[in-house]
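Have a look at the structure that comes next, please.
Going by the order they are written in, the chains are A, B, C and D; count residues from 1 in each one.
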Amino acid sequence: MVVRERATEVDLTVELCGMTLNTPLVPASGTLAKEALGEAEGVYGAILPKTTTPRARAGNPPPRVAETPAGMVNSIGLQNPGVERFMEDLDAFDLGVPIFVSVAGETVRDFADLCERVAGDDRVAAIELNLSCPNVEHGGLTFCAGPAAVEEVVGACRAAAPTKPLFAKLTHEGVVGNARAAEGAGADALTVMNTIPALTIDAKKRSILVRGGLSGPAVKPVALKAVYDVARTVEVPILGGGGVTSGVDVAEFMLAGATVVQVGTASFVRDPAEILAEFSDYLREAGTAAANLTGALE
Amino acid sequence: MKFYTVEIEARRRLGAYTLLSYRWPGDGIEAGRFVMARAAGYPVTLDPFLARPFSFYDFEGGVASLLFEVRGRGTALLDRARETIEVTAPLGKGFEIDASTGRAALLGGGIGVAPLKILGRELASRGIDHDVFLGFLDAKTAAVADDFPGASVATMDGSAGTRGTVLDAAPDLLGYPAVYACGPNAMLAAVKGAAGQDGLRQLSVEERMGCGNGSCNGCVVPVDGGYVRSCVEGPVFRAEVLAW
Amino acid sequence: MVVRERATEVDLTVELCGMTLNTPLVPASGTLAKEALGEAEGVYGAILPKTTTPRARAGNPPPRVAETPAGMVNSIGLQNPGVERFMEDLDAFDLGVPIFVSVAGETVRDFADLCERVAGDDRVAAIELNLSCPNVEHGGLTFCAGPAAVEEVVGACRAAAPTKPLFAKLTHEGVVGNARAAEGAGADALTVMNTIPALTIDAKKRSILVRGGLSGPAVKPVALKAVYDVARTVEVPILGGGGVTSGVDVAEFMLAGATVVQVGTASFVRDPAEILAEFSDYLREAGTAAANLTGALE
Amino acid sequence: MKFYTVEIEARRRLGAYTLLSYRWPGDGIEAGRFVMARAAGYPVTLDPFLARPFSFYDFEGGVASLLFEVRGRGTALLDRARETIEVTAPLGKGFEIDASTGRAALLGGGIGVAPLKILGRELASRGIDHDVFLGFLDAKTAAVADDFPGASVATMDGSAGTRGTVLDAAPDLLGYPAVYACGPNAMLAAVKGAAGQDGLRQLSVEERMGCGNGSCNGCVVPVDGGYVRSCVEGPVFRAEVLAW
């Protein structure tokens, strides 16, 4: 296989929270299904399935996706079978690389309980907290509405899963303050960034098409800035992402300060193996190893 | 999702639609399955961003064909493509064919005619007799029916065939052991009602798709107790499964 | 001229703060130079030149612009000759439609002084406050960093220009709270939204290319959400914009709640007359007048 | 900015570069002026988003031509365009020609050769003698020099002409009443130094452009006391104006 051959020529490994990942690429949560895992093999340094929640969620009624210029807006509504069924199926995601599990709840207590449940399973290498969902105890504001909210939820999760690597996934709005708060509350790494709140309208029908989160190449410059700003603020490593579509994009995120790079929407329109191959080409031309890129802007 | 650049083998107009064919060396092409297709993608352009789903129209001698209607930018670009397009491998679950079911009714609404050609071919090869009923807006879109010899046609404006919907062109569907339909969701719901619950009733649905391989959860249809992804659990569903 | 002919068939006029505009289109500040005014004639309902400041500004060193997926990032640095020279040249922008003047300063006092200076000139139909620039008295945070900052600067400008229509131009971050504050402090209308802070990196050179604001089609879904959310929060009219590139985009912004629509970056890649022609086509098909679209989502 | 869809009249390779011509019915094409060009724009695609600036290579019998080097996505798409491209009307300030200046030196670096063809034509028509000096990376890019009979050529790797920069191929520039140059900024600065301050010294600069019509303030070059826009006040500047 072409990718494997290339991968042996350049050093793609990176260290994250004590783990050694074969490549710095990780799928962004919610963008890689079991059915598509074939594409993930040999490409991703870890696997990160869609966010799971305490109870099963049916998700939002369709339409759930709308195309936008160089991107898309989605409103899936965290459809998932609930944490218990999710954990039963977890072996399906075993490709011989670490599995990170993304969790989300409606209350701080939900989050903490999920972390405890998930951390108790040896198959789980790390936990990512999806903080972009509404906190029902705070009038629908999300868990990353501000530093206080972030501190509370991350602190509770830290206590519930004291030894498992814990990533806090943030949106770009107020990201620097929230990053500082998450680090202070004990997050081992930060995922930057989730989708940007957005709206699409069907002018012909004069109705809202999809109200949700914007992702894809369109958001890349916003995500790069968020990663760059956060990297200059915190000590913990960053899983960067938002619009990554090519190997050069991977390099840009690492240069901005990311240790690991998440590939989401782009995997709908490209084979992630091509992205890794391009990134390997970049490293070969630059004459360096992946691990040396993080923050290496002149 | 992996895309393959394929050379355009032939292209022609079929009434208001475009028929575009390309050589497909692999297997997996079956009635009701589909591809994600686009005129060009990265690195040429990042917009339009998503590929578009199309049912297989036919597959013969290693040549696959798509029949499509130009609706927006994605299909306009496919219509302009001259040398190559990009397609995925065949996706989704197609029509179930059970040789024991006996006579089948095939119903198509507008561009929903697309998967019926290859379905008819597969039924014929399994020795299953079938009748084809096609509904269109007008004579212009109905012109594609020439490619379905013996099909009964209806048009909303009466400019070709019976005036009315595809159901006006069809006899009582309850008598058919197997009913296959593709078209707008409203038509599919009507077919579901008219065809009753006895026998094999299958509907090919059309939902907006992000990925086509189950990853985005974008293309769901309602079923009892929630939603399922039409790109991996469909696009063909047994009528009784759909909570319409 | 095709556009004029079409324009007579449909009613494109809209009312904004007591003014009747021939069309709902207005150039976004900083995207239409004197040299390009030929394209503006008969298309825009008002003219809005680039932001002016108390003193001349040389602007930032190049590179100042970088292309991004379906958009661009700019970092011009408010290059302008200063308010006095700007006002001397103002007649150059006279196309027989109202002239709105955009102002920005480094302190609240700057803003108020500019408003007083500009409001005293009869050629100025309205003032737009560009609140996206750093407030030197507050450690580089912008004037729309939060409701308190917005209230202070808008209040001071209101007092300095008590009778001239005053628009507060906001970014999308925290836009709902800032919109409420601007309205409370006396803004007559709100411009939503300015560019989104963003970063581009040259991976080959391993250096920052441009750090600035993202604009163009890529941001449209974010801008639409900002306009929609603000329209549901305030009573004052909205000048909506961000990524508007087609006549259908104009309709989408009006449906989301805008009374006037600003065309910026798109004017670099399209003739704005085409956008107006498409919008006229939309109105004709919809069988309605421009003024009826605002907020008319079902 | 208004774009016109123009039919491609001819296309050929000139060494490592592409020469593409189209019919231009209007006027305004002069040496040193430029167009913003793209393979396609709205509504076909919104990416790549911006058009790219190109100097006129030539204009004869109503046919304008552009000479370009494929660098990234914009030029790659232009290189693939088969039937039409989109261009603006001619933009910017070109080279000043003063019949009284006497003999002129024309210096081009790499693709900076582009505006020298039409400049040579204009000088000749005004009866001004001129010498052409061209610098390239290697023989492959230098192949375009065939289109400049009599030009002195230098290549960095010595694979064609003199080894070195364009200045190594040129005699003392101080003696030329008029000096015209186009190429990378570093070369222009060197020419500025070598040509001295007496006589007409003009440089065509290359900056990233957003709009091409003065609206974005993106394409500035440093001058005494600040920056000026190279798309409206340039791209050709008197050497003494540039604060390099």
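Keep this in mind: contacts are C-beta pairs under 8 Å (C-beta built on N, C-alpha and C of every residue); 3 or more make two chains touch, one makes a residue touch a chain.
Source: prediction; values computed, not measured.
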Labels of chains that are neighbours to subunit B and to subunit C = A, D
Looking only at C-beta pairs in contact, point me to the busier pair out of C-D and A-D.
-> C-D
What is the distance in Å between the mean C-alpha positions of subunit C and subunit D?
-> 35
Where subunit A and subunit D are represented by their mean Cα positions, the distance between them in whole Å = 46
Whole-Å gap between the CA centroids of subunit A and subunit C | 34
Subunit B to subunit D: how many Å between their CA centres?
-> 53
Can you list the residues of subunit C that touch 2 or more other chains?
-> 68-71, 216-217, 245
Hey, what residues on subunit B touch two or more of the other chains?
-> 43, 46-48
Touching subunit D in the complex, subunit C uses residues 30-36, 39, 50, 56, 58-59, 61-72, 74, 76, 79, 216-217, 245-246, 265, 267-271, 273
Across the complex, what residues on subunit D touch subunit B?
-> 43-48, 73, 76-77, 80, 82
Would you pull the subunit A residues touching subunit D in the complex into a rising list?
-> 69-70, 217
Spell out the part of subunit B that touches subunit A in their complex, as residue ranges.
-> 1-3, 41-43, 46-51, 207-222, 225-227, 232
Subunit D residues touching subunit A - in the complex, by the definition given at the top = 46-47
